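Each of the next two complexes has chain A plus one other chain: chain B in the first, chain C in the second.
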Partner chain A sequence: MTDIGLGAPAGTATGTRATPATVARQPFGKWFRQVGWRHLVGVAALFFALFPVLFIISSSLNAAGTLSGSSLIPTNLSLINYRELLNGTEAPFIDWFLNTLYVAGGAAILNTGLAAFASYAFSRMRFVGRRAGLLSLLLIQMFPTTLLFVALFVFVTDIGGIFPGLGLGSRTMLLVIYLGGALGVNAWLIKGYFDTIPRDLDESALIDGASHTQIFFRIILPLAAPILAVVALITFVFTLNEFLVASVVLGQGKSENFTLAVGMFRFIDGQGGEWGQFAAGSVMAGIPVVVLFLFLQKYIVSGLTAGAVKG
Partner chain B sequence: MAVEIEESRSTSEKPAQRSRAPLGGLTLGLVAKIIFLSTINATSLWTLGQLIPERVWLGVAFVVLATVAIDVVYLTKARWAIPIKYLLPGTLFLLAFQVYPVIYTAYISTTNLGTGNILDKDAAIEQVISTSVGSTESGISYVARAAQSEDGTLGIILIDQRTDPPEILVGTNEELIVIDPADVVFDGERVQQAGAFTALNLGQAADFETELSQIAVPAEEGVIVLKTFSRAAVVGYSLQYDEAADVMRNVETGVIYRPVDGFFRAESGARLNPGWQINIGFENYERVFASEAIRGPFLRVFVWNWAFAAGTVFFGFALGLLLAITLDHPDLRGKRFYRSFLIFPYALPSFLTVLVWQGMMNRDFGIINDLTGLSTPWLTNPWMARGSVLLVSTWLTFPYFFLVSTGALQSIPKELTEAANVDGASGPQAFGSVTLPLLLIAVAPLMIASFAFNFNNFNVIYMLNRGGPPIPGAQTPAGSTDILVSYTFRLAFESGRGQDLAFATAISILIFLHVAMFSAWSFRKTAKLEEI
Partner chain C sequence: MAMVAPDGTRILDDVSLEVAQGELLVLVGPSGSGKTSVIRAVAGVDEISSGRVMFDDVDVTKVRIAERDVGMVFQSAALFPTHTVRNNISFPLRIRKVKEPTVRKRVAAEARALGLTEMIEHWPQQLSAGHQQLVQIARAMVRVPQVLLLDEPLAHVDRPTRYRLRADLRQLQQGYGVTTLLATNEPGEAMALADRIAAIEDGRIQQVGPPQDVYAAPADTHIAWLTGPISFIDATVQPDTRGFWLTHGNFSLRAWAPVLSSHVGAKVRIGLRPDGVRMVPSSSTRAVVVGNSFDSGHPVTKVEIGSAIVSIEALNAPPDTDIGIRIDHFLVFGPDDKLIVAVS
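Moving on to the complex of A and B:
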């Protein structure tokens, strides 16, 4: 992200460097009234959007390492914050990072899988209770998992009494809880996409003797790759961001088991003492997500218009 | 999930597929299916082995039914089972972690579950008795020394002189353990170290006098307590449970404690801890509305919740649309560049960016006050804090609406606005009466979805300012920027009176009802259901 972020002013310059060519064709005043002012708005919007990003990159490179010592332009360039954070003396950052990958990655893959299975039935088969099933998925979706945290807290505490490895503080338990939300918006999104794949394909495969499993795995899934990628990414980012349930399940356990959201919040909350290390951690945690987003931008926009909201 | 190919009939008919079956009739799918089902059944059996001794009948029922369902559905070749093969895995998780918690939430909201009322009655009775320390000695006594372990736990080193050689034990509030003689270090006659515990000298012990006098080590015929710094004795329990009368009786003073509201209470009002869970009907809901000290802050939280969600969508949409219109000009260079970077606030994980804003808005050290040279109370003044929350949530939301508005604008045919212009409409007129209505049709469902999401957007509220600053005079922990979900969270885990879990679930249920009504209305509006 460092490169991309710092590249912003240079890129803006490319945008404005194009102006002489345009100016040559028409007077500057007219150009400015029609097009030029748009750059002013655009640059102002970029400033608003990227200000916190630049600030955090700068803080992460600032040797002072405190909130009060941070500025928009790093004064004392150094990688010491990164080194100290990765040494893990203040916080087990690498553990948090891996835990987040495990929980969010696992939830993304399994949720997408579970939703794709269900969507296949909803899209391709006609059975008693199909409409009722689809509607009740919408109904249950109204009760967001985040509101169930008290019940989940008691539930997980009880489970921990019987299976100590799965009680409060267990990452696997957190992952499994997230699987409860697999059907719902995801299944609706995927079902909508499956509906656009022509049924003729299934039917010709059926005539060739393919079973329903073969049709699902060999025909439908490969064709639906874009929506599966979007759903997986959205689930990944949602899970990565999820703080409430994660802190209820993990918050009372060992700090090595925290996800990034729980860990970083506990790390910085209210003091700003280790601001430099927090900034370094944010940059390292933010880069993979931004890269994913930029790569999948085209697909995401189509997924967004289909009604997916992330936090 | 297992790959299962079930019609072996069709596989044997197709030469191409037979070649993929190395073990005669066994296809890859069939092998996977056998492994999958054996694993499931083995896991279930093991789980039942753990659940049955604990008498968790609901769990037992779920595991048995789920396993039978999986076995039947994946083994049968009946046509009716085909859709269920695809629906079952997701449904089981849905039932366990979404449907059951919803029902459980409703159940908890009718109880008094919270700190002090966590156990069931039998467990509470047992705990009340085992911690009741009487004064009558049973005759067994020990030579004792106060001690402390490496992690700071206080305990008593005991020498049992009834045995030969004397047995060395260490007692804490939790347990009484016999120490291997090899782990004992003597200082003359006295024990200096036993296991992880080191003896305290008299001066050190005096510092902990109160704590030491409260140590009650569970033993067979009562509890072991320190009588002096060098002598401990077994004393009997002072309380006895009379099962027939369902009362707790103090055998030394004769005071009788009766069960009232989940606690044993004496006439004088004194109560024995811990209490237990009881059903209290709708009392939690009544509390929300009956007491002014709770209702007032609750209503403020409620109103602010609406304002926050609506404000976020409004400002986010307005800014996003404005930028989409501005940056959607055919002659504008660098459109893709703007788009790639404006997506950043949306693409970055919000828990990080909100924490960054928290730091930037810090009154004393934050960069905003630093650059402007002011000392604006961004997060400490109630109205400024509300403004700051809206600013941050707008920052998080506008890229989303920028992207969808750009897409929607591009899908509106240019001919429509041109036709309006030909008919004499000015630019703004054509926009207001042609483009905007068409855009709103496309974007309205997304605005509703965004509203519903922001209505419960815990991260922004809690991570930016923990819902603060606090509302003065509120009886429950309610803050000026708290929304219902963060208010519920603080009730459950941050209340000064301990965890008020049941009251928090009552509020959750109220949010459910509210969200459900809103969603029902919005579904009618968007007519999404007709597509099924």
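Moving on to the complex of A and C:
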């Protein structure tokens, strides 16, 4: 047998790689300096990341419902917090959950779509105000959300005077506000990705008789699936967690219209102190994100590994 | 026609070309000479600042790209990565809402003609560069467009495949009789494919003609390079009672051309094509064999004439052999690189 391995002992069948035995024979100090310390950092990071999750899960299973009574390993396990939430004895939790899915899901889908349209124009067309438009999108994103509150409050109140369905306490109004909110960042992200798709593809399709709409839907969008998945996921998670704008728009309305963030804050704001139910709600609120991630992960990974776009 | 860049640079200047029905015209020129710009202007991808693009007698300058009825093959593999080979080829037909049985028939015919039938369900990224270009050619031809545009279609294909693809391309183009414009900077490709050659430099057409004519009398040294192998010898023009001598050291070459009279005493460059030099044992013109090697894939012998190294057709002669040569035809270029005269 011909041995083609580098540095491997002659006669070994698989000469192209160091065998596990040679790795094990490395002195511990050298192994630790090259590889081992990464394990330590990894474990520390993992602990740091998982601690809150563990803590919230254990509190959610704690019947006492107080923070002081909970420990990392709960003493009296019980599902009472979950049962109370789902029965809606104290608060319309299921309504909140559905509201959140409506607002976050709607924002994720519509925002990604709108941002993709905008990015296509910015990436592929040359028009007066293109540069100014791009820059102002970026600039507007730089102002903190708190600047918005007064204007938003007045705006939503006035709208409610004309269209009562869209006034304070309207979930759809909140969704519309979110649509504008993250458009800039998302448009920049997607535009960056579109720019990497060779224009030869567009031109080739143009010559073959395709319109811009056909090029966008048939050629560009499928190729941009990875970034679309990422943007949708980011928007969904952001919207799910968003509290400040949501409480301005929804906070004064009926409690059935709350999102999870607004509603669950009521559990813990001062007099309530329902930490057990708050924890149980948080755990359940995490489920859609995990599901969405598992679902989109396939697209993110497959899109990246296809590596189809060569310059 | 002319094309001016936004910053005012003239990309194409006073370019005027006429391609006959069914003809294959090859645009040769170095990188950045404007070949691609001409092709893109004809396709309608880039706008021209003045002039017109005519197909037959129809002015298509203002006609939208989609309605121009051209097929185009790009240098890079511009295949849609999310479409299979079949769907790539059928794309132009489907976009134009051609009926499904016709689509299937045309795609199958095109795939068969280009030997793509076996990989019809593959993804573009699974194919070799050569096959990707074939798919592009199939996609461009599937509609049988009025005009076929090829922008360095074989530049990224390895050499053996390139020779085969040239033959395929030529056969297909002649089979359909489609009027074709091809850009390349590869002399072999230009010579092998062209009905006529148009040499372009700095956005201007320098010379148009059949490949043999351009090869035999290229308008300047750049075009000489672009149309085939050539070696140069610097020389001085000396008058004689019965013509002129081009001399370089102890080497001298007789030329009768009267046009040289205005260059007496001037420095010129003699251009020698390999096929213009023969070995003749009894000749008084001597050369020394320097070595045998390959020049763009062909065996050549390098000989020293005067003090210049010249490539000629391969001889079976070992280095340092002193041989007699006869120069059947040669080119004389002026100091500005323009052709003064082709002597044969």
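We take it that the second predicted complex is superposed on the first by the 237 of 311 C-alpha atoms of A that agree within 3 Å, B and C clash if a C-alpha of one lies under 4 Å from a C-alpha of the other, contacts with A are read in each partner's own complex, and residues count from 1 in each chain.
As a convention for this text, a residue touches a chain if its C-beta (ideal position, glycine included) is under 8 Å from a C-beta of that chain, and two chains touch if they have at least 3 such contacts.
None of the values given here were measured: they were computed from a predicted structure.
Q: Name the contact category of A:T75: first (chain B only), second (chain C only), both, or neither.
A: Neither partner.
Q: Could you tell me if A:N87 is touching chain B, chain C, both of them or neither one (first, second, both, neither)?
A: neither
Q: Mind working out whether A:P222 is in touch with chain B, chain C, both or neither, as first, second, both or neither?
A: The second partner, chain C, only.
Q: Please work out whether A:T196 is in contact with chain B alone, chain C alone, both, or neither, and reply first, second, both or neither.
A: After superposition on chain A, A:T196 lies in contact with neither partner.
Q: Look at A:F155 in the shared chain and tell me whether it touches chain B only, chain C only, both, or neither; answer first, second, both or neither.
A: First partner only, chain B.
Q: Looking at the overlay, what does A:A118 touch: chain B (first), chain C (second), both, or neither?
A: In the superposed model, A:A118 contacts chain B only, not chain C.
Q: Tell me the contact category for A:L240 with respect to chain B and chain C: first, second, both or neither.
A: The first partner, chain B, only.
Q: Look at A:G209 in the shared chain and tell me whether it touches chain B only, chain C only, both, or neither; answer first, second, both or neither.
A: Touch partners of A:G209: chain B and chain C.
Q: By the touch definition above, which chain A residues appear in both interfaces, chain B in one complex and chain C in the other?
A: Correct list for chain A: 209-211, 214, 307, 309-311.
Q: Could you please specify the touching residues of chain C with respect to chain A in the complex?
A: Residues in contact with chain A: 43-45, 65-68, 70-72, 74, 76-78, 80-82, 91-92, 95-96, 123-125, 136, 139, 143.
Q: Can you list the residues on chain B that touch chain A in the complex?
A: Touching chain A from chain B are residues 1, 3-7, 10, 13-14, 29, 50-51, 54, 56, 59, 80, 82-87, 89-91, 93-94, 96-102, 104-105, 108, 113, 322-323, 326-327, 329, 331-334, 337-338, 340-353, 355-360, 362, 364-367, 370-371, 395-396, 399-400, 403-404, 407-408, 442, 445-446, 449-450, 453, 456-459, 462-463, 466, 485, 488-489, 492-493, 501, 504-505, 508, 511-512, 515-516, 519, 523, 529, 531-532.
Q: So in the complex, the part of chain A that touches chain C is made up of which residues?
A: Touching chain C: residues 198, 200-201, 203-211, 214, 218-219, 222-223, 306-311 of chain A.
Q: In the complex, go through chain A and note every residue touching chain B.
A: Against chain B, the touching part of chain A is residues 4, 8, 11-12, 14-15, 18, 22, 34-35, 38-39, 41-42, 45-46, 48-50, 52-53, 55-56, 66-68, 70-72, 113-115, 117-118, 120-121, 125, 127, 130-131, 133-135, 138-140, 142-155, 158, 161-163, 176-177, 179-183, 187, 192, 209-214, 216-217, 237, 240-241, 243-244, 248, 260-261, 264-265, 268-269, 272, 275, 278-279, 282, 285-286, 289-290, 293-294, 297, 301, 304-305, 307, 309-311.
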